[in-house]
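Encoded as structure tokens, the structure appears first; notes follow it.
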């Protein structure tokens, strides 16, 4: 077995001796990197901590760049990998930060770096590669995809129309809070999801009447997709249980008891 | 084929050559008009934008008036169209704005115009004509209509009675916030939908105890219709799946009706 | 037929000529009385309105007192009626207000009257007599009564324990907001129902961590009864549909219990 | 029968004469202790009350210590009891408070006592021993455990990632409200559970857009476990009903599709 073949198996977690250890190390890097992003937001820690996470950042970026290069090298069709879903995720997980580090010459200081921070969050997408556990969620999603999309679009239209209406009622009374249709959409989203921060709410009689009607009518539209996903999930569970039971021949299935004469 | 027959087919989206293009153009007008209403609420844009949307408004109104006139003309029973659901929507989608424009001589300035803005929102109702996708929602609605109406009425009565009760408890302590049964109903609606803006809430011990009891009892009444619609939707989906399966003759239906011999 | 028999039939809505008209008149009195309670809370109306509703109050009380007396007279077992559920409701619907009017000599003025206002709300309970439409809700209730009571008790215990815990965390930091276990229970109820007015919330790190854990764990306990009622309702609907279908002999029941021969 | 055997039966509620009375007394002690913890938070009561609950505290702790000692003595395998779930609960229900009382020499005063108060809450865990009613909840839990854990983990990850993202958008605009990833996680938890106190919310355009997207996408993930538990509960109810029916031999099972030969 050549070194290239060995490497390919190791990266895919199928190496006879290494097993999933390379995969595990890469996953650990993602988790450490995510923790690092959180720690950097804390103030008042000893400076050594920030320096440590700055160095860690350089290490993580280097590791992911190396991983990307190696994956390109071991692949029989490098272009196909580069254009695949995972290939793009692997690229954006390190490229923007790498560019930032090379341009500013340091890991975490500088104004340009601040903007690049957001791109570092894309790195978390790499975790999708390891999310076998999410499989059943995906199955449920396929069951209800169509309805959820229809309701998602409906929710967007409802948001926009509700915003246009409340703007007409409230803009004159509260020109600052309801300054444009965007503020009104923010209000509509916060209200229809029942979060209700209280930073913006109607005060005119017409605006309040409309809000009550809207809540009672539109809450349904927004709450339905959740119900659909949940019912699909429990249906999947029931099916799985049924399959598990029918596979054992002598047990009587609780929901298809049949007595042939 | 006469010009009138051609026109009728074009308006109904069944013209042999034009196909759905007239329908599509009318739908595009509605969408553009809705976007325009949103843009007008923004401040600080260059004046040209407002002038453009003022002109667009005139164009849209003219187009819808023309559409209405043509539909009347091509119809074999113009009165029946005029009194139908779609006919009334088509009329209110342009008439108030048209009257406003003719009276003030301008499209978007003037105080009278401000009031007419609300009527422009009625224009969005025209989109119903194209909402084939909402069909399954309608089916689900028919399944649960009765319960939803019963619960809707119950919700209204609950709102009113809760408002009367909280008013007795809170009016003396907060004469401004709970100034009348209308403020109290606003409070009840915002609380029972769990939005809870925080602009108005009970502060007396009795008011708070009542609020807690009310929330635990009445939340159910208000949340139930949503659950009903969701379960009806998933039932429809299951039925549809069952139908798809029974159409293939050799497959066993998962919830199978059986006739005993 | 004696006058007493006639009267009894009229009160029960089974008189051959009067039909449900007496029942309807009594129901109308309840509704008018409820509207009156709302109107009284409005300020700035012409004094005639208040005088009118004051007189109406006297009339409603007199009418309900008369109804109670007549029901006692026409009943073969007056004591049994007086001790029945409806008898007690009929009594409390007028007695406290009647006592108040007799003591103060006026219908709505006076300090004593203010306290009696709450008792007038009991009058709305009379509407239960006419609520045939609520029958199916009652059926659903019987299906899930046991679980709802268990969860209701669990919710109360959860509220109390959460209040005790948050009090320990927040009392020192916010001695006014979390002044006692009662304030803390108010906080717990407003938070667990996700209303979140924002009048009282944790600010310490431990209090916030506990709040997040509490929300994720306890939301389930409180949201479950709603789900139970909704699923029971939809089960009832399904059963009713099944019954409607089996009654037509040649149609195949979609979920049909069959006995093989 | 020896005294030791008598005692063991009494503690287990199986004594021929005492029956469940010892169990009942211990349960009453827990409830009284819980009420005491609530009363202590009230201010302005006569000092006798506080003294009474101080004495009660000593009594409760002594009683639970005695119970623990007796249970150890009557057990055939004292070590096994001491290491069991109930044994640990029994120990922590009195030990910290006992240590506190012995150290400070008084029941409820002193600074050290304040910290020990939290441990007293652990005493409430003893109630689990008597919660037979919670059995069906446990059954439902076993049905959906797997999904709930997956979604619980997903919710935690969603919280953390949302907090990292909103921090990037809002920290510059509101350095005090979004001071670190912890504040941001508090915001994410309060928002995703739709509590929305209004103590912290996004004000930048990007932050608001992200919040709306997050709410619509992530609400589902957090609301699903509740739906799962509810559907499992109603499935259990249906099964129980089915069992009750099948036990009567001549009745037809409500959901049994059968294939006749």
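The letters A, B, C and D name the chains in turn, as written, and every chain counts its residues from 1.
The working rule: a contact is a pair of C-beta atoms (placed from the backbone, for glycine too) under 8 Å apart; a residue touches a chain by one contact, two chains touch by 3 or more.
Treat the numbers as computed from the prediction; the structure is a model and nothing was measured.
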{"item": "Co-neighbours of chain C and chain B - touch as defined", "value": "A, D"}
{"item": "Type of chain A:chain B copy interface by residue overlap (half), same or different", "value": "different"}
{"item": "Length of the line joining the C-alpha centres of chain B and chain D, rounded to whole Å", "value": "44"}
{"item": "Inter-centroid spacing, chain D versus chain C (mean Cα positions, whole Å)", "value": "31"}
{"item": "Where chain A touches two or more other chains at once, by residue number", "value": "182, 194-198, 226-227, 231, 259-261"}
{"item": "Chain contact topology (line, ring, star, complete or other)", "value": "complete"}
{"item": "Residue ranges of chain B in contact with chain D within the complex", "value": "194-198, 255-261"}
{"item": "Footprint of chain D on chain A - complex, ascending", "value": "34, 37-39, 41-43, 117-118, 121, 124, 133-134, 136-137, 152, 155, 159, 182, 185-186, 189-190, 193-199, 222, 225-227, 229-231, 233-234, 237-238, 254-261"}
{"item": "Footprint of chain B on chain A - complex, ascending", "value": "143-144, 147, 150, 154, 160-161, 163-165, 167-168, 171, 179-182, 184, 191, 194-198, 201, 205, 208, 211-212, 215-216, 219-220, 223-224, 226-228, 231-232, 235"}
